[in-house]
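For reference, the structures are reproduced in the following blocks.
First chain A sits with chain B, and in the next complex the same chain sits with chain C.
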Partner chain A sequence: MSSFDKVEAAPRRVMTLIFLVDTSGSMEGEKMGQVNDTIENILPEIGEISSTNADAEIKIAVLEFSSGIEWMYPEPISAEDFTWQNLEAGGLTSMGEAFKELNTKLSQTTGFMKEAAGSFAPAIIMLSDGEPTQEYKHALEKLKANNWFKAAIKVAISIGDDGNKDILVDFTGTKEAVYTVHNREQLKKIIRFVSVTASQVASSHSSVGKEAPTTKQEEFVDKMNDADNTSDTFDGVDIGDETTNAGTDDWGTF
Partner chain B sequence: MSELKNGTRVQLTNGKSCTVKKELGRGGQGIVYLVDYEGKDYALKWYIVDYPDAFMNNLEKNCKAGAPTKNFLWPIAVARRQYDSFGYVMQLRPQGYEEMAMYILAKARFASLDAMFNACLQICTGFMELHKRGLCYQDMNDGNFFINPRTGDVLVCDNDNVAPNGVDVGILGKSGYMAPEIVERESAPNRHTDYFSQAVCLFILIYLNKPFEGARYLSCPCLSPEAERKLFGKGAVFICDPTDNSNRPVKGIHNNVINRWPLFPKYLQKAFVAAFSKEAICTPGKRLLDKKWQEVIIQLRSLYIKCPQCGEHTFYDPTTADNRCLECGRTVPAVTSLFVGHYAIPLAEGQKIYCCQVKNEPDYDKVAATVVKNAAGKLGLKNQSDMPWTVMLPTGEVRVVKPGEGMPAAKGLKIRFGQNETGEIK
Partner chain C sequence: MNDNLTVFNVTRLGASHTKSGKPCQDYSLSWQSDDNSVQVAIVCDGHGGDTYVRSDVGSRLAAEITLKHLKAMSDDTTTYAGIFFGRKGAVTARPTGPRKLHDPKSPSESEMQLLKQDALFKKQIAQHAEQDKVVMPMFKSIYDEWAAAIEADAKENPFTDYEAGMLGKNRIAKAYGTTLMAFMRTPYYWFAFHIGDGKMLACDRTLTWVEPVPWDCNCFLNVTTSLCNSNPLPSFRYAFDGTGAFPMAVIMGSDGLDDSWVTMPKLQHFYAQTLEIFANQGRDKTVDELGDYLTKLSATGSRDDMSMAGILNMDLLDNAFTMYATRQEGLKLKAEFTNRQSEMEKLNHDLDEMKKNLAEAESKLATLEKQKQDVETMRRELQARMVQVETKAAEYAEIDKEARARNAELIAQWNTMKEKAKRAEDDWRAQWMAEKGAMLSGTAQPEETVQPEETIQPEEAKAEDPAVEEVKAEGQNTEEQNTEEPSSEEPATEKPEKKDRTAWWSALNPWATNGKDEDGKE
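== the complex of A and B ==
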């Protein structure tokens, strides 16, 4: 055994990928089933990104909101070890409570951001198909003042035309990170694409250069826009407040 | 932009064509396909983002010039514009090569220090040849190198960004690898920014931690782009900077560099301290050139000898008084050494003297001499070069040692290697 044999993995920061999932009654049936199936199936891909990434380990946390809120697990879990638990829909849309809870967890002292080797800002993906059924503004304003949230990549997927796009734009801070999907195929493609792209951007050191984006959110949006121009992933999907495909909702029968 | 279907025939600018067999992977810039080109398997990188004609012309120019060394997965043919895009054909990555990130994650490790020296030398020499052509690589990071852990053989990928030095082709890089002036948005990539990134990559391969990620990096809870500008811009602090201890490696976290830093000779430490000094961080002209890095690694390779007492390998630096064996811990008795040009070479049994050390020869692997022991137990040098040596004895007497012949490794002898360098055994 030589003195040089003693080697361990260099430390990595942690990037937490947070799914904020609306599990209110309107999600029941195909939408909920599709969300469960899609996210469960992209986890191995996120795990692969994490296992080959020298900058950061990716952990996953899932917060569902309906009449109340609940984390799938109390702490974020490494993407490679994460086991998805089926979410069930039913009840109201306590979006405000979800914002409040997220604000608490986006903290180094009281929340998830207390990793020994430090963290990257998280990537937060919100999926919703409707309106909050309670006051949410105050909680969202407080969340928007949270420094972790400010630095995070924020994306929202509106499942169908009934989602409140204004709230989602307010949440993400940019129209360009709000996607409205109208059927199962689009939902699947967008969840996958958004999760992979956000994970890649959020878990790597920044791109630098004269023309480089100044925030991770910008870098993410740039990548999504590039993909929008070059692939069919976004066909039929409305971005921001676009209504080109409004009225085409098709979630099957249940 | 369209993706290519299996079986699609893609026309190349050299008048030939290749046929898509299947997709191998995709990234931000494009999709890589397995293709059949002239009856053999190759990779085709097919762009999914739009690039101007100037980019394609540059690609074609590089392709025509050929790879600087065998270490580059270089464009060997360019696919002309068709199906809304274009691309280039390159060699496939052979089996047994691992991305540099795998070394950082300790999922791959060099089989020996010799393999590590080889990897470092191939990197320095590859980029030296690329720079000699007036080109620069631009975006060097842990995703660009594939390295064979057994042999240390290196393959550099993503060569489509290679462009003439000073020409801004709008390439972005990765903070932590890119030079501070790029992080600060003051400069586009160039030869001098390559030098910086190259030193970062060498440091990582040798010490298995990152050069600017110590206590200061850890104290930043959220690595936002703004924080990265402070940590990797002109205010970057090298974790082993002798004049600034604000970013030291942290015990329990940066264990690799804490263990390995003292294991390598001071000579190597000095090179990194110079390469990452505050002056070199802020002044591109003060960085170590690839030629200098090549010299540093060649010297390092020569200092790695078999301990005459325990038989294990250790470093022995003839220019310092106290050399302790890394394995048995005992002081290594003074080893007679050859001093030639920039190099000091301890003449322990089995050590090799390379042609690049005794004459201006670019091939760092060609052996000029080996230290051998004769039946009487005396050490000598065997001439394995293709030129006779002229040896001057302390008495003034001159002898010729022809190729294949040997001479004693005795103090006081001076050797003129052909028409080249003269060395002295001390």
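== the complex of A and C ==
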């Protein structure tokens, strides 16, 4: 019997998984429906990762952007307790507003990261099928100066040929974290794989020096590349800023 | 005035290192002078990344070299006691040049933190330039000696192929990367310094915790400043106090600890509980149990190596916990209040959502109400039209009834006329047969000649029907014609007679045309 048995149990740290979802008019129909269905269906799996992972609890936040921006819930919610609310498409693509809002929330004073020691860097997954309809560069540059954003895993999924991949590469900081999908089956597979892998990598602990060669982003990309070489998850999916499967878009009838 | 001071240090291998086979990369030391007048505690956290193949050696060397320098410092009362005595202060990490900002007009939050830290440094260094001139050379000595020691280690123990592969083209120092923090208490002052992450906390008699050495915001998440940086000296930050305000306890822990406790209040509470155990069962037993506990904590927490070291005033600990218990109760109440507030905010958010949904529903309801009114108006119009239709239907029924009655009358009249016409025709034919027969046979009458019915009909009936009269007249004309102009060359045929009868028939029967009856049949 140790006197330290009376010490209360240590809490777990938190990793926030943030979905940035384009809900502009062009997403209407199959694209929006598939995004809703897929994310809703992978939530239990992310909840399972969260509940069995000793390193961190995974919380989820969803920011949708169209003519404006809106968080699905005002604060991140534990993956086990998260209830997905179907998103509806319509309006413009205010990507700049989304970047600005994300920068505000990736903050210890005004946002989700109230305890630095208690927070792992987040994983941010952006889904978009088009281009911003407003100025976005200033907001993105400011976001890129945010330490939380710098340390985060950033992934972008371009839904169809029309997504502006230059912006997505600028957002993720690497071509290797930009995936272009051309039909709903690919979209479903890639959302699931990216979400699960990013959650696993981002919520695990590692200690590195200031000039360390390995970042969470690099670790994530390595895992995705391994999966690309060993599974059929990425069949037909374009990785990077080039579209080798151009013209194969098939989103059914709207 | 001799306080009952004690020191301790505990280091345990992290759970992830047990699994990966890596050595413990933390190192801690504590030391107390023979006369109990000087105490030192040191914690070094060797980096865990794959490049840092000898960070376990780097952390040990850093701790040992630091201890040596601090002992020398405590012995050199001439230099150090003089500049610290009667003064207190702290100096944070110093800027190495102008900051490069993404947008100078609108710096990000992390850039603002760096700018504030730079401004704080300028203010602090202006107040403590004298101390800085003495302290910085000591840091340089520690670093230089550490750099020389790791060079010597690398020569004495050349890197294996695996180590060389992991290190790659990086400098040798990268293989030995480590953080370093130390606290020294002397009879005249205390002095502390820190480079890198981990947490050093000091508390007074009320168990109120503070960080004596300012935090460096260059340390963020798993990125830390380090002795292995190419220019580590500006990253040393320090604090001193020669005013007699010695903390009741100082505890420092590697980042494996603060990562496990997640929040500063929880880490402070753990340290307070540790002090209580020290007070209850003494140093040696507590240190033993603490070692076992840190192993368990690593498995359930950060999985990193764990190190704790500290300097405690055991005389003061006993009385501290009554006050602490009261304060903890207050904190619990505050936490509960915060939770309630949070729940309230959530309820307010839900309420806002419900209001929004209600407004949408009311808007839809208003639309439905309008549609309902439109439907009601349409229904009234429909009813009015139905009344009109029923009235018209009644009128039509009356007209129909009259028409049917009139039709029945006309049919009756028609049947009467038809009967009369038939009789007239029969009479005419009988007469014709008789006449023709007589002409053919002289005067003789054909046998079985049927007398025309006309002869037996009352005169009134004949006169009543002008059509009959007409037929009769026509028959007479025909008779006269046939009588006056009998022609053997052109005998009378049925065709002209049929034609004449058809015209006559049509005149009598308005419903039958072109030889068809009223049902349209031939």
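Here is the rule we use: the second predicted complex is superposed on the first by the 235 of 254 C-alpha atoms of A that agree within 3 Å, B and C clash if a C-alpha of one lies under 4 Å from a C-alpha of the other, contacts with A are read in each partner's own complex, and residues count from 1 in each chain.
By our rule, contacts are C-beta pairs under 8 Å (C-beta built on N, C-alpha and C of every residue); 3 or more make two chains touch, one makes a residue touch a chain.
Predicted model, so just to flag it, every value in this text is computed and none were measured.
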Which of chain B and chain C A:P11 touches, first, second, both or neither: both
First (chain B), second (chain C), both or neither touched by A:P74: second
Partner chain(s) touched by A:S231 [first = chain B, second = chain C, both, neither]: first
Which superposed partner A:K144 touches (first chain B, second chain C, both, neither): second
Touching partner for A:N103 - first (chain B), second (chain C), both, neither: second
Contact residues of chain A, present in both the chain B and the chain C interface: 2-4, 6-13, 54-55, 108, 116-121, 147-148, 151, 205-214
Touch list for chain A against partner chain B, complex: 2-4, 6-13, 51-55, 108, 113, 116-121, 147-148, 151, 204-216, 223, 226, 229-231
Interface residues, chain C side, partner chain A - complex: 16, 45, 47-52, 101-103, 106-111, 168, 170, 174, 177, 218, 220-226, 228-229, 255, 258-264, 266-267, 269-270, 273, 277, 280-281, 286, 289-290, 292-293, 297, 299-304, 345, 349
Residues of chain A defined as touching chain C within the complex: 2-4, 6-14, 54-55, 73-74, 103, 107-110, 115-121, 138, 141-142, 144-148, 151, 205-214
Residues of chain B that touch chain A when the two form their complex: 1, 3, 28, 48-50, 99-102, 104-107, 109, 113, 142, 168, 170-178, 182-183, 185, 187-189, 208-210, 213, 217-218, 220-225, 228, 232, 253-256, 259-260, 263, 312-313, 326-327
